[in-house]
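You will see chain A twice below: alongside chain B first, and alongside chain C after that.
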Partner chain A sequence: MRVFSPDPSIIVLGQHATTEKINAWRTAMGLDKPIITQYIDYMTAVLHGDFGLSYFTNTPVTAELLARLPATIELAVLAIIIAATVGIFFGVLSAVKKNSWIDGLTMTTALIGVSMPVFWLGMILIIIFSGYFHLVPSGGRIDTLMRPMGGTGFYLWDTLSIGDFEAFFNALQHAALPAITLAGYSMAIITRMTRSSMLDVLHQDYIRTARAKGLSPVQVIGRHAFRNALLPIVTVVGLQFGSLLSGAVLTETVFAWPGIGAYSVECILRSDFPVIQAVVLIVATVFVLMNLIVDLLYAALDPRVKYATGEA
Partner chain B sequence: MKFSKTKLFAAILAVAFSASAISTADAALSRKPQDNFFLATATDPLGLDPALVDDAESGNVICNVYESLFKFKEDNTDIVPSLAESYTVSDDGLVYTFKLRQGVKFHDGTPFNAEAVKFNIDRQMPENVVPKMSYASLVYGDVVKTEVVDEYTVKVTLRKPSTPFLHNLAMNYAAPMVSPAALKANNNNVNQAPCGTGPYKFVAWDRGQQVIVTRNEDYWGEPAKTQNLIFRVMPEASARVVALNNGEVDAIVGVDVNVVDQIKQAGNTLYSSEGMNVSYMFYNCRDTGTTIKLDKDVRRALGMAINKKELVETLYKGYATPADTILPTFVPGYSPNVKPLEYNPEEAKKILEQKGIKSLTIITYSGARAYNTVGGQVLAEAVQAYLDKVGVKADVLVYDWATFKAKLLTDTWDIGFVGWTGDNGDADNFLNLFSSDDPISNQGLWVNQEYRDLIAKGVSLKDGAERTKVYEQAEQILADDAGVYPISHAMVLAAHRPNVKHFLLHKVGNTYLDKVSKE
Partner chain C sequence: MSEEKQVLLSLKGLSKHFTIKQGFFKGKSSTLKAVDNISLDIYKGEAFGLVGESGCGKTTLGKMIAGLYHPTSGEIWFDGTNLADLTVRQRRTFCKDIQMIFQDPYSSLNPRMTVEEIISEPMIVNKTHKGPEIQKRVEKLLTCVGLASSYKNRYPHEFSGGQRQRIGIARAIAVNPKLIICDEAVSALDVSIQAQILNLLSDLKDEFGLTYLFIAHGLAAVKHISDRIGVMYLGSMVEVAPKEAIYDNPLHPYTKALISAIPIMDPNKRKSRILLQGDLPSPIDPPKGCRFASRCYVACNESNEAPVLCPYKGTSHLVACAHPGTNPGSRPA
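Right after this comes the complex of A and B.
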């Protein structure tokens, strides 16, 4: 990334930069060293928990990211709840009613969901629900005058824990459009995955047996089919959550949601490398962790999967 | 280990109880709508220490929290005393003695006095300067020393006479006075803990969301009209317009000309003012890094090929004016007598054919800038079309801003586009760009000794007829020699709700909001 990106020194000092000032700044930041030396210095610092200072604000990157992390997590959790609930429901429905008009409508909607640019969807939702119907605010996390002071930074949790329901519903109103926008793509993926996984299972012999035993359709689908179809669904939900945590870049920007995504865009536009590098590293770590969690969940969901405990 | 639901429940309860320290909102924030003024801006400020930042978003907050020795008048760039009550200048123009306003306190309760002024200037002297102090050399570059005469008198000695010096002391960056106690307590950096003498004092900065300031009840001057100002971050321009039309915010800055009708139709007020900026085209006058020899005749012919009036009207829809000179018309030193290059495509075609110019390379930036709201690519493509009409095929290379600035120094190109936003309302601040040997500011490295001599002379002359004459001559040389080609001066645009009174977006780009109120 550093090798192929523009040198930020030329813009970091603004319109009064001179060659002399730029060189002094490059030296102060260590950018005049060979790239391999810079890399070693950076990785050594990262291993000590230090992501360096933002070139533009001179503040520790770790502090900047931690300040924005709760907003991103809150939005991603809401989005995955919406995406998983709606996606699984319509995926199952679509599989059970295969080739019906419900199936056609669901799959068409899912195709639109996968294809629609998040940026465009966000703007359309703002114009309709905020600009035209005035149902929800156009951006932000909560009305300034209701923002909770102190606490965890998770506004929904903070407002609820002090019993300020007016602020809680205000925060929920603010989160509605960005969460739906962010959920759109994942919802479509989960719907398609649920449908195909359910179709696989519904053709299995044990389903036929269950039906032959006279079990009700709800029992067949809920207890026998859905549980067995769950593994791939959990995988895709887990991976989607990872991508929601990291992929809220455009959604956050459109809705002025003060999370890591919007901050990344700001920093990419001005080549603030220490921040971009830290975000990339964190995103990669989140993906690895989500994979690990999904693997661990397999054991809880499928009695055939057991992990070794170290005993011979 | 067996999973225990009881333990999980206990853990959740513990976290819930730990939230007992949360309160609903700042006590300082009244919930009455007329007590809070919301201004939507595009990004978070970089910081709130006037010595360490240079962006407009920081400036919007800084100009309401801090004050300098002088300030600009509301409707132009003339200066009037602020924290300085009066001043005298020695006959040789080198020693300025400032009498300071008495009874002024910083927001932390410490007194504003001569020691504070000396502390602030000394902090930005070359031996103490840190790389992020990008305005220190502009504002204090000519200062040799600062001396405390008595508690409310301070003497500043310059190394050479400088007419812009007093204007520099009215600027929003480097010049505002910061509490020395706050600087000492915050390791010489009050980006997160601003402390000035202004009509508003800092309350909170929620990263990526908003900066909140509240009225300084101990302010020495007329108290601010509205109790709280909230600078809300809204990166997406269309979302800012929806928020304004909905009444979620009271005013927005960074208005795109394409949404002006939408704003007006919703009953809001468009605020426009002639901007202190210029957008211009420059030619590569270096010996290397160019595909053709751009001598004076070629440069003039390229300028004559462009119908500037038509170009500016088409691109900016009336929200920019064609630039006949580099200086905006309201800056002292501007002269209407400068004769610009006239549009003459036939003559241009003839010259370019004679010189054998058939193709060239244009380099430009992609996004919008304050001085060019349609962006560099749109502007370059419009010029490309005019050049095509006189038989010159131009390739347009477009880069993001950072890459563009770097490519200017390393790549091969013939024509480029850039601009300048003035800092202090002084002519020298614009015109000295083209007397520099540094390609960072004089991108094409146009060199004209006569021009340079005039700029060196003008900087020490007092504002008036003689100084204006010098700058008129310099501008005429720039036009005749086609050093650069001025294109337009962009208007500064903002919009506010119809019930907002006394909103002020100054020509220098600052939003002074101490008089703003809502009916």
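Right after this comes the complex of A and C.
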């Protein structure tokens, strides 16, 4: 990043800045020190909760990101809900109706979903639903006039909590396309994972036992098959949520969604190092945290997994 | 068996054929006759042993009776109802009368349910018992099969193979079934455990008045528990007789070969073993006429009609052979 990016000092100070000015700025920002020293200084600051100042706005990076994080999280949560519901539903369906036309259609769609570039899907959706049918707006989070004051920054939550349903639906309309776009890839992955996991479980002997007990097919699938197939599905949903935050970069740019993804693209273009470093760090942390949560969920879902306690 | 015995289960011309699609575009299809035209009566309170080598259709037959497969043709009369005629939904109401114990106790129990959930589920689903009764019954059943009732909150992976099979048995008898199909119920267990489970099964039979269809591939286990034995070969029944008759006087050449393969402890009494020639023909395209003809030492090959199971000299010993009782080397009777 530091090697390939254009020198931020020129972007900040302008093309015609004098060498003295540039050198003074570089010293002020600590860019004249060796990279190792810069790294140590940065990490020390980060551990104290200080992500530094943005080169451009001279505002603390923490504040900038906190203002944008709710938008991204809202989008990612919406997307993972869509991806998990639709993905698990169709995954189970195509496993149960294996080799039927439903299965074929679902798997083909999933394959397309996995292969489709996110930004392209986003643009196509905009052209169809926004440009052609005029059903939903093509960008932004909410109509300016309806923007809720204060609150958490999660517009869907804010509008709903004050009972402003008009604004809520307006926000939902804005979020629909980006969320679907972002969900697309994860949905396809979750569908495929659910299908293979369900197929695996459906071939187990205890499924046959369950049928011999006299359970109806719905009971067999719901109570015996799905509960056992859940483990890999939970893993994939968790990992997908982690990658959704980073996947939001493209989606947010396409839909002008004011989250950290679109912001980080802006900052990359103008070599705003402190912001980029902070974004990378946050995304990586979320990813690791999701992995941890998934691991902990295993214990809750599977009675065979018990983490060692004092006595064990 | 004597006439006053009541028939519990009666199979009439039961068949199960599977269509197998082959070829690149699955255009070519052929039929696998897993079970072909089997007729059989099982009496109330008896233990019927069903033997035959791998792939002869024993398990398919058991699954059809348990309702896991729908027969291609034929009738399954159980307590005055033809199960083969029923819709899937109607058939399910008979699950409380016919239960199955499976071969592999390691994989046939849902790893995510406690023993109590496993045993109580059939009672809840089939609505045979209610509320607090169920918990009491789970404890009673566990004691019946020789497990401590305190085990009910454990998961299957905490048990050994024999214990797991006991759980499977408790699960099967929970709904007070009339018929239990034991599909190789002991073959996955150690020999010492096998004996324990077999003894448990015969105790339970007396205690609950059960009828068993005992499927196995070895004659030894079947001998221990069965009253009558049926021998299957390549999808059809070749001989049905009381246990003693099968062991002392086997009539079908295939049964003779099977019996001669049982090791005898006394070295002075060793019989000559009948070795069958050739391999098991494929059930996809079984031989016309007598199915055993290709491996039979009599090799009569007299007709294209498959021999039907009929009483030998007016006894209850049924055999499907044109020349029953012929020994190797002797001329056909």
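The criterion applied here is as follows: the second predicted complex is superposed on the first by the 303 of 312 C-alpha atoms of A that agree within 3 Å, B and C clash if a C-alpha of one lies under 4 Å from a C-alpha of the other, contacts with A are read in each partner's own complex, and residues count from 1 in each chain.
Heads up, the rule we're going with is that a contact is a pair of C-beta atoms (placed from the backbone, for glycine too) under 8 Å apart; a residue touches a chain by one contact, two chains touch by 3 or more.
What you see is a predicted model, and the numbers here were worked out from it, not measured in a lab.
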Room on chain A for both chain B and chain C (clash or fit): fit
Contacts of A:Asp158 with chain B and chain C, given as first, second, both or neither: first
Touching partner for A:Ala28 - first (chain B), second (chain C), both, neither: first
First (chain B), second (chain C), both or neither touched by A:Thr37: neither
Touched partner set for A:Met123, first chain B, second chain C, both or neither: first
Chain B versus chain C as contact partner of A:Arg227, first or second or both or neither: second
Chain B versus chain C as contact partner of A:Glu64, first or second or both or neither: first
Centroid geometry (CA): angle chain B/chain A/chain C, rounded to a multiple of 10 degrees: 160
Partner chain(s) touched by A:Pro303 [first = chain B, second = chain C, both, neither]: second
Minimum distance between Cα atoms of chain B and chain C in the superposition (Å): 19
Touching residues on chain A, where the partner in the complex is chain C: 204-206, 208-216, 219, 224, 227-228, 302-304
Chain B partner contacts - residues on chain A that touch it in the complex: 6-8, 10-11, 13-19, 21-22, 24-25, 28-29, 56-59, 64, 67-68, 71, 123, 126-127, 130-131, 134, 137-141, 144-152, 157-159, 161-162, 164, 167, 253-256, 258-259, 262-263, 265-266, 269-271
Complex contacts: residues of chain C adjacent to chain A: 66-68, 89, 92-93, 95-96, 99-100, 102, 104, 107-112, 114, 121-122, 125-126, 155, 157, 168, 171, 175
Touch list for chain B against partner chain A, complex: 15-16, 19-26, 29, 31, 36, 38, 43-44, 46-47, 52, 54-55, 131-132, 134-135, 137-138, 189, 191-192, 206-210, 212, 230, 232-236, 238-239, 242-243, 245-246, 248, 399-403, 405-406, 409, 420-421, 438-441
